[in-house]
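Before anything else, here is the set of structures, which you'll find just below.
Common to both upcoming complexes is chain A, partnered first by chain B, then by chain C.
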Partner chain A sequence: MDGLKERIRKAVHNQPQPTVTILSSLLAVEDELGYIPPEAVDEVAGFNRATINDVWAVVSFYPNFRTTPPGQHRVEVCWGPSCHLVGAMPVIAAVLEAVGLPAEGDTPDGRLSLRYNTCLGACAQAPVMSIDHHLIGRITPEQARNRLADYGAGPATE
Partner chain B sequence: MPDDITIAIDGVEIKTQPGKMVLDAAVDAGIYIPYLCYHPGMKPFAACRMCVVSVEGGRGYPAACTLPVQDGMRIRSEAQDVNELRRSVMQMLIAEHPNGCLTCHRIDICGPSDVCLRHVSVNDRCVTCPKNERCEFKDTVRYLGMELESPLNYTYKQIPLEVADPFYDRDYNLCIACGRCVRACEEIRGDNAICFTERSGKALVGTSFGSSLLESGCEFCGACIDVCPVGALVERSHKWEKPRTVERTVCPHCPVGCQLNLELNGGGELIRVVPEYNSPANRGQACFKGKFGLEFVNSRERLQQPLIRRDGVLVETSWDEALDYVAGRLADYRGDSFALLASPNGTNEEHYLAQKFSRVAMDSNNVDLTSNLQPELTTALEQTLGHGAATNPLWQLEQAGCILVFNSNLTEDNNVAGVPIKRAVQNGAELVVIDPREVELTRYAHCWLRPAPGTELLLLGGILREVLDQGLENSQWVEAHCEDPATLRYYLRILDLDEIAGITGVSRDGMAEAARRFGGADNAALCYALDNIPPDLARDCVSALVDLALLTGNVGKPGAGIYPMRQGANEQGAWDVGCWANRLPGRGARRNESARRELEELLNCPLPTNPGLGVAATLEAAGTGRVKAMLLVGDSPNLGNGRLGDGLAALQNLDFLVVMDTFLSAPARLAEVVLPRATFAEKDGTYTNLERRVQRIRPVFRPRRGEAQPEQWVFGQLARRLDAPGFEHPSAAAVMDEIAQVVPAYAGLSYARLEAESALVLRSGGLESPKPTQMLYTGREHRGLQWPVAGESGAGTPVLYLDGFPSGKADLIAPQFRAPQDILEAEYPAWFVPGRVLLQRDREMQVEIEADSNLNRIVRDELVELNPADAAAWSVAEGDAVEVQTRQGRLAGLARLDAAIPPGTVAATILFGQLVVDLQNSPEPDPMSRTPGLDILPARVVKRDA
Partner chain C sequence: MAPTFQELQAQAEQRWQALTAGDRPWIRVGTALCGQAAGADAVVQALQESLERHNAAAQISQVGCLGLCFAEPLVDVQLPGQPRVFYANVTPEQAEEIIASHIVQGIPLAGSALGCLGSDDGGGDSSDNGETGDLPDLNRHPMRAREQRIALRNAGNIDPLDIYQYAANGGYRALHQALTGMTGAEVLEQVNISGLRGRGGAAFATGTKWRFLAGSQAPVKYILCNCEEGDPGAFNDKGILESDPHTVVEGILLAGYATGANYGYIFIRSGHDGPIDRTRAAVAQAYDLGLLGRNILGSDFSFDLEVALTGDSYVSGEETALMEAIEGSRAMPRYRPPFPAQVGVFGQPTNINNVKTLAYVPEIVARGGAWFAGIGHERSTGTAILCLSGALNYTGMVELPMGINLQDVLYEIAGGVPGGKELKFIQTGGPLGGVLGADATDLVLDFEVFRNAGAILGSGGIIAADEDTCAVDLTRVLIAFCQYESCGKCFPCRMGMSHLLEVLERISRLEGGPEDLALMRNIGENMQAGSLCGHGQLGFNPVSSALRFFAGEFEAHITERRCPTGSCQTPWFSPRLSRR
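Let's look at the complex of A and B:
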């Protein structure tokens, strides 16, 4: 537990940019941990001379912040307009089937977290998905399935 | 006042000032423009778009709450196109709120079990909402004429109800996200205990991670409830009851003097308390005590008949018999063997009669208040400046550039006084707190000095010296207004700052910073109490504080000044009218022969000459048998909490004890005769609050059962039986007339004069227009009068000493700066320093819901903070289970070693939520009047067995 607090403290206190805000502090924590635990709300509030509720208002406002630990690997599928036009939905359907989830979320075994993304910034290579922030362009449903198999996705067999 | 400008709203011309918003101007002028997110006293928010108007010659439909007034502006509000727009905005709002009833034409005649042709489910009906009949939202919907053929599509949000926190019920299914509660908590109270959560369609109000209010920093003041326009936030108690009558009076719990509207049901029971917006002392605010701590007036445990002891048992009797018996017995104890202890929540009139009864009828100067543990609080203030009272109005604290709070736990003792302080800090003022304890305000402090207990006087010396050294003395003003500054300067110059730093444990930098902040501000205010100051240093501490205010030139100007934080609701009044040890009414500090003669002439009767005893001395004398008979009015926590030694044992030693009380309290159980005492809500009179404001309290109802009587009647009856003259006042007003004759500060005061100080408040749009809860009952604004009052028609005096001091110059007293030598005994070798804060970020805790009561309970290990050196000496290691033992009690916790804790000190900071939970669950009828304080006590630390 103290390790977690220490990581939060470092992330919040070692922000390199000149302007530090509640939002930047939260992003630093999210980058470090992948989510915002209650301890981080405390730390960010203290660091920015705000209250925990001020910080919570920011955390809960942005859907990109999560408040529970993510899975080991983070899968994002873009369904922005560009990707949508060239076939994002079949990719999403394939991914959902491969990870065994009805919609975006975390697999029960904690291996994968799936999110839809509205733009991964690589429209020229649409459709795009990313695994642990590595972009994969011009992906087909078949490729998506294969890729995810490498990360242990599939119907829970064990 | 800046130049008036004129604007017209729907052709009605009104005068207003530049800088105001159109909606403010309209509210001031009594013109109603519909609004929901706007609330008087808060910054405009422009979220609900209900106040849209159009400006002739302007574009579009701006919101009136953010539209600055301009000369000659012509506003259209009740125009068809504007109302059409409002109705379409309202459609969006009511789509998020159960609306089947809101838009139904039958709403006014519908009952809870009526057959509903609209098929509105029972849960969604207005008649099943706790806010029905006092719902601002409903009124606004009706005002706009939103009768719809069929209800709009609405889906119940299925948000679980929050019903486990003390005092509040929260149902966010009804929330329209107007944000008033969030802004009240942030802007007005400075607490930020709630926030907006999520966004767009899911946006609502909540707390961090959806925690309970106990964990989110809530002070349970109820400000959010009072601004909520829907049924989302309500008081749990009497939640479903509707008020039949409402009366305004003043809170009896503390000397801030909050005006409260008491809502009564058809049976005459108090069901709710709504703080009054148009009230100068509280401006619509209350605290946990005032908002949730007045229901004791309904209690079934109230005494109904006088009780008299027969064969060792208290049995009911009639007033006549009781009074005859008391008078007969008291006649034997005339003189110094009699003492009267009055309650701090008696009225001015009762205090005056109490001291008169003791002095005239009983020939004894032994009269005091049970709350008067620190009589030094204002004696030095009076001696130096001329009046023993706060120099400035409470809300001028908002204008101070720097505020120093000295040994005062405002949050619990004078809660609403903390509101202007926190607001000032939000607006850029600096806050310096001197207190060994961690209290709510230390969170806001720019500089928090934590002297070792008992060394506060030395610390003040150090700060004063720094004021001199840094050239922060306002020497020109001091030379002109103060007597003998040279002596004080001399005594300050010989102080050794390094030595002071060593003894107090406060660094030289800390002292320098406090001096710089306080002395450097254009106007600085000083609030002080004497919590935990050793009695023999108390007077000098106050002198040092007054010196600090004088040296920096902060007396006799607005936005500055010095505020003694008294404890009881009407302690100021008791001080003024002489219900105080060794103070004759209106004679101030003069205790000499001539003062007594003057008074004898005024009252036309002889007065006792022996010096009187204060409350502490009285109890001591009762213990030794020197005082044999006592009339005790009201229970006091001080009799049982050890602050006055064993007060109850002393009472037991009396020959004859009469207790006037509302309940059969611990002292009443010891009495020979118990007289049922009327509460604040059942009597006529005045309270003087800590800013010298004399305000009327009114009989809200008759005691519902039984024959409780106010003190005025009892003193009159007893005096008649004792053949004492001068108690034939037909009414409280007549007593006030006598006070005005006897007490110079009250000269010119009368009930008629107070009534003339009230004014009709313009009610926007007449009686029917929707209004926020806090303004629901505003018919008249009662401003009261701040003494001294200049003549029969003159105004009161908000700021004292604007034209100099009564004695010409203020008498700078040079105290002997010192700290007590080792007063700790070997048995209890350390100081236990308790603290209480709203929020602790760094502690593990859980909130559970208790199975039998369904209420929240805090589960956590308290931390006992120790200096590592002490811990080593007591062989305590980090994380050990320890117990702090004092003579008054014990506290279990886990040890935490912290080098920042001064050696010889053991600190434990508790959560305010724990106090509120304890008060909510207390079996006592009036727990709020006994809110435990934070006493610093000698203690020892022992390890608990695992």
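Let's look at the complex of A and C:
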């Protein structure tokens, strides 16, 4: 438990850039832990001389922040228009099937967290997905299934 | 001790000479987001391993995006003093062959090369490139043949992490010229003469905007560079920052000098590691060499620049919401007035420009505003930096003089639609820009011409849809995006988007009613009249433009209960969770 608080404290206090704000502090915590636990909200509020309410307002606004620990691997699939037009939906369908989820969310075994992304920034390589921030372009449903199998998705590996 | 400009230039020249005509080959690999998505990291690794296996020496550099994204991973091999040879869609196995043949034996793999560029085509446009044997000249590729590269002059040519490579290609020359021989007002005047207009969406005259800020006597003033770039289908801002970040740093410095501002932020969406890391590195290098900080290049001009990140929020690209995000709050737009030039970020006078806008400035100052004004079409001077994606053969990023016909862009430069299919419509200028039917694409690249046609040239994203696309389906996706991204501050946008999405989903499910089109128009009018920022004001554009071109398709869904292309029958997914 103390380990967590210490990691939060370090992330918040050791931000390299000159301008430190609630948002920058939260991004630093997210980088460190992958999520924003209640302890981080306290720390960020104290460090920025703000209230817990001010901090929650920011946490709840930006959908990249999550408040529970993420799965071991983070999968994002783009549903933006460039990707949509060249086959993002079949890719998402395949991904959902492979990870056994009805929609974006976390697998119960804690292996994978799946999120839809509005644009992963590689639209010229649509459709695009990413695993742990590693982009994969021109992906087919088949390739998406195979990639995810490498990360332990699917019933066979249980 | 920071070097003088002459020392910097001499160093840069020497290093560039060693790279291009030294004792070992130079291999450049595109590792911008497009390259990474195509697997460039594995190719870089394979090249390195193969060099070691062959005990061969070569300099491998990771560069940005040359624009030919469809050809990524793109490997560019230059033997000392020889032309650059480009290999497209390279796999790790082919990387091995390239090393074995081209590097070790000095024999280019003619069969698998896309083309070549002249030996001293380090930066900018070259016309003097010879053909290497029977390799085609890469500048004759449809995607490059009509390009005129100003903001993208270095993209894909130089290592973005190496400030000396930027300097060797004319970098920081304009800054030096301004600091030694021009007043701020003279710099501003050149930008005025150039006719430069903002590339972030609204196409507002940059010189006019700068004059607002220059007119303020406040001691602390800010220049903000907007790389939120949340428009799906647009990647040119990120592309410039990860290909040539120093161009933007120099543009910001010139903006500061012209307006009397001494502080700046480059604002980037978190999560895009490539552009963020490369921009941060560029800022750090500029500080190291005295190009940022106090008394830049020995002058009495000082400027501090920082990279600020935002969370996921499309609306944080709106200028006042961006200021909220920099201050660390929810990215919700502010009421105006007061305008940013009076009360901006941290309560101080502020100017905000798009990445592309600022990336033009060094060349405008170096070559003069009249030169830039001589390029382009009527009031749209200079070039358009387009991102081509969707159903096109050549997807990527091109910089074309304004005035080129959009049909040439689609059918010639982008190579038309794959599989011999027909183009159905295009979506331009981000989701808020709406769609244009294929038969309405006989337009030239020009802000006013696009606006008169009911579209937005805006930030330059062009997404193409082929005949298999359902207009209702894509409209639903665009509105789903707009709904998801509404910041929630003003109710006409927050509720209007939700209502529009509800109606569109119903139409997509073939459950729409005859009153639904009128209902959407009614919602749209309220959004336009009552929303605080452009997100809600323009948020009906996707629907109204689709109705203008494809009313029949909406009718088919509603009255005949069928989707002519069948797209709406396949399962679709979009985020349920939105901002809370």
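Definition applied: the second predicted complex is superposed on the first by the 155 of 158 C-alpha atoms of A that agree within 3 Å, B and C clash if a C-alpha of one lies under 4 Å from a C-alpha of the other, contacts with A are read in each partner's own complex, and residues count from 1 in each chain.
As a convention for this text, contacts are C-beta pairs under 8 Å (C-beta built on N, C-alpha and C of every residue); 3 or more make two chains touch, one makes a residue touch a chain.
Predicted, not measured: the structure shown is a model, and the values here were computed from it.
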Chain A residues touched - chain C or chain B, whichever exceeds: C
Which superposed partner A:21 touches (first chain B, second chain C, both, neither): second
Which superposed partner A:48 touches (first chain B, second chain C, both, neither): second
First, second, both or neither for A:60, with chain B first and chain C second: both
Partner chain in contact with A:119 - chain B first, chain C second, else both or neither: second
Partner chain(s) touched by A:32 [first = chain B, second = chain C, both, neither]: neither
Touching partner for A:97 - first (chain B), second (chain C), both, neither: neither
Touching both chain C and chain B, counted on chain A across the two superposed complexes: 57, 60-61
Residues of chain A defined as touching chain C within the complex: 17-19, 21-27, 48, 57-58, 60-65, 78-86, 89-90, 92-93, 96, 103-104, 116, 118-126, 128, 133-138
Residue ranges of chain C touching chain A (in the complex, touch as defined): 33-34, 36-39, 41, 69-70, 72, 229-235, 238, 265, 270-273, 275, 304, 306-314, 325-331, 387-391, 395-397, 427, 431, 461, 463-466, 469, 474, 477-478, 481, 484-485, 487, 570-580
List of chain A residues in touch with chain B within their complex: 38, 41-42, 45-46, 50-57, 60-61, 67
Chain B residues within the chain A interface of the complex: 191-199, 206-209, 216-217, 839, 841-842
